[in-house]
Structure formats: structure tokens, C-alpha cells
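For reference, chains read A, B, C, D and E in written order, and residue numbers begin at 1 within each chain.
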């Protein structure tokens, strides 16, 4: 059998720069499975891309509709942004009964959505990250912060959940204001944040977009010395551009402790892309989960294998790291049980979303260091 | 305006997207052809047996001949739409002739484009839009001398002598002048090239009688200075008085030709074309 | 002025039917043939068509403004977005506690705001010179602070109400179809305000004003969380048509699907899309009918006269500004209605998706390519361009693949292959330029 | 009767119209002459509502019409033509005329959906009237021609024809004769006289051709530098020293050089 | 009362950023206004052409950096600028040749050129992404600061810091130089006057022996130079994102219109007006008021509008200006 998987990401549009490493991650998992030749009696898996544009719900649904009804994909790695994911889920995946595993849609709204058990995500809800970030700040004894967020559901949701958690823990948010991505100039935003003041600045944005602009402005004008970076900011680009200037700043992103991630990054490097880019590892895991579940349920029919996803992802069973998909298939084919850990320490909770292990990072001596996991 | 009428009057009023000032009408991309030999016994300028029209439209001019000699004033008159302006444009190379030739000073310039005719010594003052409104009067004159690389101050002094009213306003934007003053600036601009021929299209249209007299005075002075003048006039009676040669055009054809005096004396011409 | 002599060739009578037939053939091919070019799925074909129909209504609205009156509206995205607000405020069930938290106060604030604007304009009209200007400014500033004083607490209260799930004022729970005309009204009201100011400026600065207002409307939708949850998006907006899942569960429908030898899943998708399609078609045809009636009457003649020569029309007793305002409002109303329909179709209100490139300039491309001034042209252009916009996603990479096939493998080739998605913009630009060059009056020129 | 009281119109510091006061009597054909830049066209534009006055008033039949927009003035019976013909170029000659009358049922958009019968009747009536006007102007053969294709003089006739589609009271003509052949100008002058006699139109005419003014107008008002310089019958004006000095001139100075 | 600190805070957060942003807008608006004045249409492709030109400069800069060439404290991009301008000028001239010239020769209504520029905008948008990809690019090198916050604090002993970036100084200096050169060119040289003459009256320019196509060429070249300079300065000062330049179109147009379309002085004034109002209206004045009147330190931020609506400000200003002066601050095209 030739099994088709869809990769529905925003290849053009607001987050177009994040899409390629994600696509590469998903493809790497599929490659691995194909090479093993162990999936469902030697079935091969091929991929079909759909450009969801991240923002345009109409274009996204049409594109996903195409890969579902015309190409006949059996599962989708995607979508990318929460809004577009909700639209395609409601309009395409649900009616057609297709499994979607999103690597990067982190909106809390997706936790409670009516999904017929078809929707999963390998990234945690932002609600969780807000709590984690608040804890980190409190543990470091920082009592007042200014917050700026990228003006979309991700940024807003994260900023709000953070503010709630932080204030509940006794902190003060001096200002919680939005910045739009791709704007010509951020002086006004930086000025406003500086005027509001605070011991640190939380930048809930994207490093490739407005987040960098805000950070640049805040550094140059000396408005803040310490910055807090959530997942959208934590990336190599941040280190490349700012490492020496943000000494002592810190942040967190969903990433599991241990070998899985390191291994994935090494594999990615061999394959010629940057595995530490945001959500690349999550995309790998999403694809791996779909394929392992197919194997576990013995069927590529979404209606059947959707039931196995939670089993594969969670305990009990043998822990599976990136690069061990072949081994996992062997175990499954042999009737064994696996606990897929993958690159991001996958642990699906609730309605099928990552429980969220976050690594806490800090900038020391011009480099990003992992100081702990939460 | 071929092909553009889908947009002709849409959105063009919106000053935030287009500049509502009218654009030019002359095809500026046409290239000149070779210059040929003149013919023996030619007048200084002759547009001979010209036939042609605009673009692919019907012929407007039919075998029409216009000529002017050194130091003379030649006047073209005729009813509206007779093709007077068209004849001037044809002489100036602003439309393609299907037949006939234009010869200037012993050379056949039929194939030249308007830019090169300016360089060949022709000066033209259009009927309307004949100044650069936002440039000062002095800059208007400098632009008139654009093709010259030598010192233009002397010519400018001469022009100022000829048109004292223009000299007074030399630092003012030409768009702020009155209609009569504008006409004088327009003629001055054409003189700045030091042309060997001056062509005027209705220089007195819409100007008051006193300015008209003034302009005619200047034109006579220019002609007596040795520069041949070819002009179109609706104020036919005054024009006939000063014309050394006059052409009556009707429907693109030469209807009557003679000296101004002769035509004024011709009862039929007077009644049908000169309105009196 | 040779352009005024318009040659109406005999072929032009057949032009429209032939082009529409070709368009229909494209959709047919998309639905039936399965190859590198087409998907062979009726679900897709109909999905493209449905969005195409909405684009067609948007294009009709723009065509009224541009084609009939020559008004250059580059704020389409804003009016679309505003129309999209209607399904949220009309069809969504009310949010518990939201009205109690601050509904009344919000209304009071809006009344204050509009009142002070009205007062300011009154003062402005009465007053003269510097004193008048100062007084107007004073009223505006005072009004602004008063407005903020009433408004801000209400917003805070509403947004605090169940902020994780709602945080917005909620809807009225009325049928979603009702929200379509109401969306039109929303946009028309905004158009009235914009037109009143912009069309009154001495030189027409409508384009830049609409460009700005479009952005401002989208910004308001993004940031005013109490209204429609801002960037946190509203999902699960009620539908006027059945849900696929319900159809699939319905045994009657299953047997119906079987009788067509399709799976229930596929048939349900097609069925739902056909339902939408009929609704959209009804609206579209009604708008075209009314538009054509108006255009072929003294009103249309008056509009043509105004377009030909405003000064003369004004001197002939036609109130040009009022007519412009009228057309602008009607056009925006139609655009707003399309916006409401689009949100209904999407089931999702996501303000971040309103991007001017896609929702303003692409609509412009549709109108220009179709043939400005011609209603059928606008429809043809819209559906065709939308079809291409979607299909370029597939055709672009194929084309690049074909073009790069002879190239040696390497960085350049990889780069080109990776860049295939951007073919969309290049293709749209090329099509626009080619049409402007070879059929400057559009595919279906105005008669 | 139109009375202009101490009218000013300034452009920046420049006073184009600077305290002009004049009266146009009902039923007259008043001429308005003056040097270039005297402010004649500006005065017209202010009266016709195209420009707002800086100060001063315009009174029509006892009613203050200062600053009313052109379309409102149209409905009061005050019409104007333009120095350069402003035809509706892409519409036929007949349509050019039919669009003129105000208050047509079919001009209200809702009526175009629901009152089609009434509109059709009105249209037939308008078409008949338009044809009458075209007959009067001797251009009936051009009924279905695009107005943009007319010759300059015919366009001017069409402008005049538009004023005949409604019951105009006062018509302002700005340089009808500029660049128009004298024979055609005769036709236009006849049309003006007939409208004045048969329909009682009041005319106010700007022109630089003194023959035309002399034949047609009584009285003649002379403007200079934004003010009224003189007023009187045409023959009086032509004798007036000031007018000769400012406007008419004494003929060619270089006359002796002619033909030399 | 602490005037010094208030002043420094004002300079640091309002004045300096707004001035350099204003200079970038002014350069952009100058290009728009030049094309509007002389070629008579609003060039919607301006932003995307700017992006394309900047992309070329970036690639050249990388090349130079790769070769180890640099300018010491100044960014290497300045070296790449002339070649970048030349290449962009070629591209723009090519565009004119295949797109706009046709309509010019046919005397098409200017609005059709606007439509064509929308087409060009789409194509350029795609080409830029083809050329350099979709990521933000950083190509700054050399010294980052003329004065940085810490050394300023140490030097002055004030609480508030002051930062002045090299790129900000560079932006202002280059903008002043370019504007000065442009004005000299337009008002003093024969070619410049010929451009103004052409802009006034195309036909008469031709009848005076001015080659219209040459004027058009020069216009495009100058516009290309302005685009690339503005784009590069902007990219150096902030960062290069292909989409940012499309977004800049709006403030650039607003600047050009506020100033008076077709008027170069207006374009500059408009750029600064828009930049300053964006920053000043959304700036929370609390801190500065706090310094000036310590007893009266307010609770609120003293912010007139939140930053999300900052560009609404430029439109309010636009409308206000146009209500009072319909042709812009400085009169657009003269009579």
C-alpha cells in the first residue's frame, strides 16, 4: 500500500520562515519509516504539501480539502497557526474523518474544541507555558515585568495566561501591550514599554518577526536589561543576533529533557537543516506518531488508528527516541507496546495535547544554556 | 487614447493616486529618419502637397501646401476643423504624412521627429499650454534654450528688450502671470532657441484687444528682424493686414492663396471666412 | 480622441457566453479529471467555486464603486472584515454575564463618542476661522476623554468575564442568514462615515483614506477583544446548512450517497457545498439583477455622465458628491455582505487573516481583469482569478519543476524548487500585466 | 435679476475679484468684458458656485444664493456653460440632453427597481423634448453621435442646448466665441437672441470679440483688476477713455510697417 | 524637577528614534513623490521594489564581507550601495521598458499605470522572495553605537541613558546629503530643470528639444537610487524582512500626501511629521512628567492612544491636514 500523509503548513504568509524546517522534520520521520520497510507489511509513505498561508482560512481549507479529497491523504501533519488549524479541522478534517496532528498550533482554544478524537498536537497549550513562565520569574525573584506580545492568538493567549498566572503569584505586570509583526518601526512600542517600566521585559513574539525588532529597540535605548523569552523567541537566530547583548536573560520553550532532543538535532544536522528551529522537532514527532499508530492499529484508516495514538504516545511501553522508529515498528509488529518519547518527550494529556515539558534556558557568556526543565 | 478608455474617466480625479494634470499628446519615442536634399528654388520653409491624418484615422489634410519666405509673415486662416492646427503639426512633424514633404532651408526634413526639427531651427508656440507654469519666467526661457550649449545671456537680453513686460517678471512663476503675459513668455521661450523660423498657433486666442495689438506689434517686429513667421489666426482681419502671404484652408485643402491684401480684397473670401 | 469611437465587433456578443463556458469547463475538469493539473474531486471544485462566488460578490461591490463611479477604494479588506463581524454579533449565542458586566456602559460610551463627533461637526460648521477650529478641537479632545472614561471600565469588565473561553460581548443568537444583510449595513455605515469625510475633501483623497481606514478597521477587530475576542478568534460560528457529520450519520443520506456510488463522507461534503453554493448564487444573482436594472436606467445614465465629466454634471444639477457617497455606501454594503458570507462559510473569525494583499489587491486584480464597469465581467474575473489563485499552489511547483528539470542539481535548483510557493504572487502579477497590455478593458469590456 | 454685492475672491494674497458690485437685469443680454486676468471667469465661478467667495453676496431674485453648490443653483434656474466645452464625451448627443432635467423618477435608485413603467413614459417624453432642442439648434442629424466626436463649434451648440432642456432663468456663457469661426459664431448669436426673445432667458456673456459684444449685448459691464470699471451700452463703452486705455487699445502701433 | 533626565528620556525614546524613522520615510516619500510628479502616477510597487533593491545590496554586502572588505566603523553595505543602485536602476528601467513605456506611448490614462504598478508590485513581491528567501536578514556590521546607554550614564551620571546608533546618525546624514543633492540637481542643473519642465508640460518640453524619454530614464534612476538608499538604511537600522517594505508603503504614502504630492519639500516634512506623531501620540508621558513634576507622578501611563493604533494617528493627521489644506502642507503641483 502507498500511504499518503499531508503536510499542511504556512509555506507562504506570516510565518513562512518557520515552515521549511518543520516540513523537513516531518519528512525525516517518514523517510526513516520508509527505509525500515516495516510499516504495515512494507507499505510506503509519501507526502503531499498544502500551503495553509497561516492566515487565510479560505485558502487553507481549500488546500487541505485538496489533499484530503483529491490526494486521499490518511493523516495530516498540521496545521501551523491556530486560526487556520481550527478552520481546516472544522471544515475538512472532521467531515472527512481525517486525523490531524499539529506541531505548532498552541492556542488554548484547541484544548476544548469538538474534534471527534481526530485532533492532536505535539506542542502544549499556551495556557501551560504562561504558568511555567510565571513560575520561572517568581523563582528568580522578579516582581514586576512589562509584557509585549505579537498580535495574534498565540501571542495574546500566551500573554494573557502569563499575566493571570503571574499576578496570581503576586507579580505585577506594568503593561501588557501588543506589537504587530512586519511593521516598519517599533520605536513607539519600545518607548511605551520603557515608560511603563519593570524589572524585565517579556517578549511573547517571534524571533524572525517583530520580536527581534522590539528586542533590538529595547536593547539599543537601554530600556530594559533583562528579557524573558517564550518559545517563539527561543531559537538559534536569537543567539546569532543577540547572544552577547542579552547576558542574563532567560526563557523557556517546550523541549524535553535529555537525549531525544539532542539526538534529533544531530540527525537534522546530518540531513542538512536546523533541528533546533521552533516546532521542527514537534513536526517530526507528529509524523512519527501518525505512522506508529497506523502500525499499532494495523490500519491506515484514520477512523481506526486515531484510537491508538494516545496508546503509542504514552506509557506503558518501550521508550522510543528519534531515529528509533524502525525499532519501534519492530516492537509493534512483534505485538509489543511502545511509549513514543521522540524529540520533544511526547506525553499526550487531556484531549490529546502535549503535556508540556519546558526547558529553561539562560544566556551566559554569549551562549544559550539550558539550566533546567519544568 | 487607443485602448485606454476602460479607465478614461475612472479614478483619474483621485489626487492621491494619479496626478490629475493632463499628460502630453506627442509620441516622444519616434525616431528621426534621414535628412534629404532640398530642391532648387524652394522657399525658406515649405510643406508641400501634404496629405495625412492622426494615427490610423482618416486623412485630415489633402494635398495641402504651406510655405514661408525669409523675413515674411505667412498666415493660415479657415473655418473650425479645417485642419489649420493639423497643418502646423504636420510641418512640425507631430503627425505622419502619407504624402508630401517638408523642406527647410534647402534640406528635406520630412523624416525628422519634432525634437530634431527644433534642433534644425524651427521654433513652435502651441495654441494652449505653451508655458511651464511652475518654473520661473527666467527658467522658462532657459528651457527654451535647452538645446544650446553656448552662452544664452545675450539672447535673453535681446528677448527682454523685445518683451519688457516679461523682463519685469523674470523671477516670478510663469503660472502666476495673466493670459497676455503668458503669451509673451511663450513667444519669448520659442525665441530663445534662436530659431530660424517661428511658428505660432493662434497666439491671440482669448486675449484682450489691447494685448492682441501688442502681440501683433511684436510679431511684426520679429519678422522685420529677419525671422520668418508662420501663424494660424482666427482674428482674420487683423492678421490679413500684416500678412505677406495668406492661406485659406477648407477641409484640409488649400482654398485660396495670396498676399493678405489680395485676400482681403476678395469679396467671397471676406464673406465666408473672415466674418465680415 | 479616436478612442471614443468604440468599435463593437460582432464577436463581442459571444464573448461573454464563451468565456463563461470556458470557466465552467475549468471547474468541470477540476471536478472530474485527475492528473497533474486537476484534482478530480468535486469537493474541491465546489469549494473553490463557493469562495469564488463570494469573491464575485466582493468584486461586484468594488465594481460598482470603480466601474460606475470611478471611486478608487483600496480599503476593501476593512469593509470585508467589518461585514464579517455581523455573524459573530448576530448569530453567536449570547455570552453569559457579558451584558451585565458592561454592555450598557459600552453602548453609553459609543453614544458618547458618536455624540461628541456630531457635536464637533456641528461646531465646525457653525464656527468660523480660528475660533471655530479651536472650539472643534476642544470638543473633540473633551469628547475623547469622556469616551475613554466611560468606555475603558466596561471593556475591562467584559474582557474579564470568562476570559479564557469568551471575554467578548457575545451575539444575539439570531439566525446566521440574517447577519448577511446586517454585515452589509455595518460596512455601509462605516462607508458613510469615511465617504462623508474623504469625498468632501477638495481634491479627492479617497484612495489614501480608504487604505488607512481599511487598516484601522482591521486593527480595531484585532485589538478590541470585547467585540469579537480580537486575535483570539471566534470559532464555531453557526451555519445555515447542515453539518457533514450529521449527514453522514443519517441513514437516509447514506443510502442516497450509495445510490450515487460515493462514500457518505464525500457525498456529505459535496452536499453541504451545494447548499452553500445555492445560497451564494441566489444572493449573487439578486445583486446582479438589481445592479443591471439600476445601470440601464436614468440613474445609470447619470452615473455615466458624472464619470465622464464631473464639473459638467455638477453644473447640470447633479449632486456629484451625494451620488458618489451613495455609490460608495452601496458598494461597501455589498462588500460587507460578502464579508459576512465569507465568515459564515469559514465558520471562523480570525482578524489576523485580513491581509490587504489578499483581500484588497487581489479583488482589484479580479475587477480589472474581468472588465471594469461590467457586472458580468467582475463575476467572471473574480471566479477565474480565485480559481487560478488556488490552482497556482499546485501548478506553480509543477511549472518550476518542469522549467528546472534540465538544470543540474545544485543549490540554485533547490532554491528555485523551494521558492515555488511564491509563484502565486508572480503569477497574479503577470496575469494582471498581460491583461492590461493585451485586453486593457478587461476580458469582458463594458458595453 | 442677479445682484452681486461687494464680492471678493482672493487667492492667497492675490485679489482676483476685489469688491465687484453689479446687477444683471432680468431679460437682458449683459456683456462682461475686461483685460485678461480682470477676474471675469473668477466672478462667474463664484456666482455659479464653483468657487466660494472670500466675502460678499450674490442675490438672485431677492434670495441670497452665495456659496450654494452648482447643482443647487441649477435647480434654481441658474445655468452656465464653460469656456472649454464640457460635453459628456462617451454619451450620445441625445443622452447628453436627456440627462439634464432634474428630479427624474429614474434617478432614484429604488425607483429603478419598482417603477419601471413610469420611468419608460418619462424617458419617451424626454427623448421627444431632446429632439425638439436638436431641431432648434440645427444639429438633429447628430442625435446618435457620440458627443466626443463633435466639432468644437457643435460642442458649444450642445452646451447651449442643454440649457434648453429645462426652464432656465439665467444663463452664464464664458467666452462662447473664443476660437470659433465667425460664421458659426453668427449661428450661436442667433440662437442666443431667440432664446432671449422666445423663452425669456437672461444671459450674461463674457467675450473678447467686440463685434459680437456690440451686436448682441446691452448693457455691457467692463471689469478691470477685480472691480467694475464701467457700465453702459456697447457704443458708450467703446468710447469710454478708461476702457480704451485698459482694454480696447488704439490699434496697431506699427501699422505703418505693415507691408513695408 | 529634573529637566535633564526628562530631556534625555525624551531624546532617547522619542526624538532620536522618530528622527531616524522620519528620515527613512522621507526618503521613501521623496521617491514616491518624484514618480508622481513626473510620471504622474502613484507607484504601488515602490515598497516592493525597495525590498528588491535592498536584497541586492544585502547579497553584495555578503559578498564583500566574504572577501573581508569592510569600512571600519561604518557598515560594509555602504560600499555595496552604488552597485546595488546600479543594478536596481537597470531592473527598474527594464520594468519601465516592458511595462510602463507602452502606456506612456499610448497616452493611456494615468490610472492604468497605477493598475500596472499593482501588477509589478505582485511580481516584485514574489521575485524578492525568490531572490533572498523569506527570512529576516541582518547585514549590519561595523560599530553599532556612537553613544551607548551605559557609557552615557557613566559619563553624565544621570538616571536616564541615551543611545545613538551609528545607523541612526548614518540615516540622518545620508538623508540630508541625498536631499541636498537632489535639490541642487533639480534647481540648479539643466537636467534637473528639464525634469521640472517635463513635469509641468510634457509637450512643450519636447518642443523645447528636451528628450522626454531621457527625463523618464533619469527619473527612474533617481527613484531607484532613493529606493535603494532608503531601503538599505532602513534595513541597516532595523532589519530586512521582505514583507516589511510592503507595510512601509502606507506610512510612505501618508507622508507624501501630507506633505503635498509632487512636492519634494513636502515629502520630507511629511515623513518627519508622520514619524514624530506616531511616536509622540502613543508615547506614555508618565516618566517624563514624573521627572518634571515629581510630586504629581500620575498613576496612569498618560498615553493618548495605545501603540496598536499608532498608524491610525498618521491618518488622523492626514485627514486634518487635508481638511485645512487640500493640497497638502506644501502645495502639490502648481497651477
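Following the convention adopted for this analysis, a residue touches a chain if its C-beta (ideal position, glycine included) is under 8 Å from a C-beta of that chain, and two chains touch if they have at least 3 such contacts.
Every value quoted in this text rests on a predicted model; they were computed, and no experiment measured them.
Common neighbours of chain D and chain E under the contact definition above: B, C. Chains making contact with chain C as well as with chain E: A, B. Chain pairs B-D and B-E differ in how many C-beta pairs are in contact, and the one with more is B-E. Chain centre most remote from that of chain D: A (centre = mean of CA atoms). Inter-chain spacing, taken between the CA centroids of chain C and chain D, is 45 Å.
Taking each chain's centre as the mean of its C-alpha atoms, chain A lies 32 Å from chain C. Rounded to a whole number, the gap between the C-alpha centres of chain A and chain D is 74 angstrom. Those residues of chain B in touch with two or more other chains are numbered 1-12, 15-17, 176. Along chain C, residues 1, 4, 72, 203, 205, 207-209, 222-223, 308-309, 422, 424, 440 each make contact with two or more other chains.
The residues of chain E that reach two or more other chains are 42, 108, 111-112, 115, 133-134, 253, 257, 306, 308, listed in rising order. According to the touch criterion at the top of this document, the contacting chain pairs are A-C, A-E, B-C, B-D, B-E, C-D, C-E. Contact residues of chain E toward chain C in the complex are 42, 99, 102, 108, 111-112, 115-116, 118-127, 129-130, 133-134, 246, 250, 253-254, 257, 306, 308-309, 311-312, 314-315, 318-319, 322-324, 326-327. Chain B meets chain E in the complex at residues 1-4, 6-12, 15-19, 21, 23-29, 92, 114-115, 118-119, 124, 126, 129-135, 139, 142-144, 146-147, 173, 175-176, 189, 193.
The touching residues of chain C, counted against chain E in their complex, run 72, 133, 197-198, 201-203, 205, 207-209, 211-213, 215-216, 219, 222-223, 357, 361, 364-365, 368, 415-416, 419, 422-426, 428-430, 432-433, 436-437, 440. Contacts from chain B toward chain C in the complex involve residues 1-17, 20, 54-57. Interface of chain A with chain C (complex): residues 11-14, 16, 20, 50-51, 55-59, 61-63, 65-66, 69-71, 82-84, 86-87, 90-91, 94-97, 107-109, 112-114, 116, 127, 151-153, 155-157, 160-161, 164, 178.
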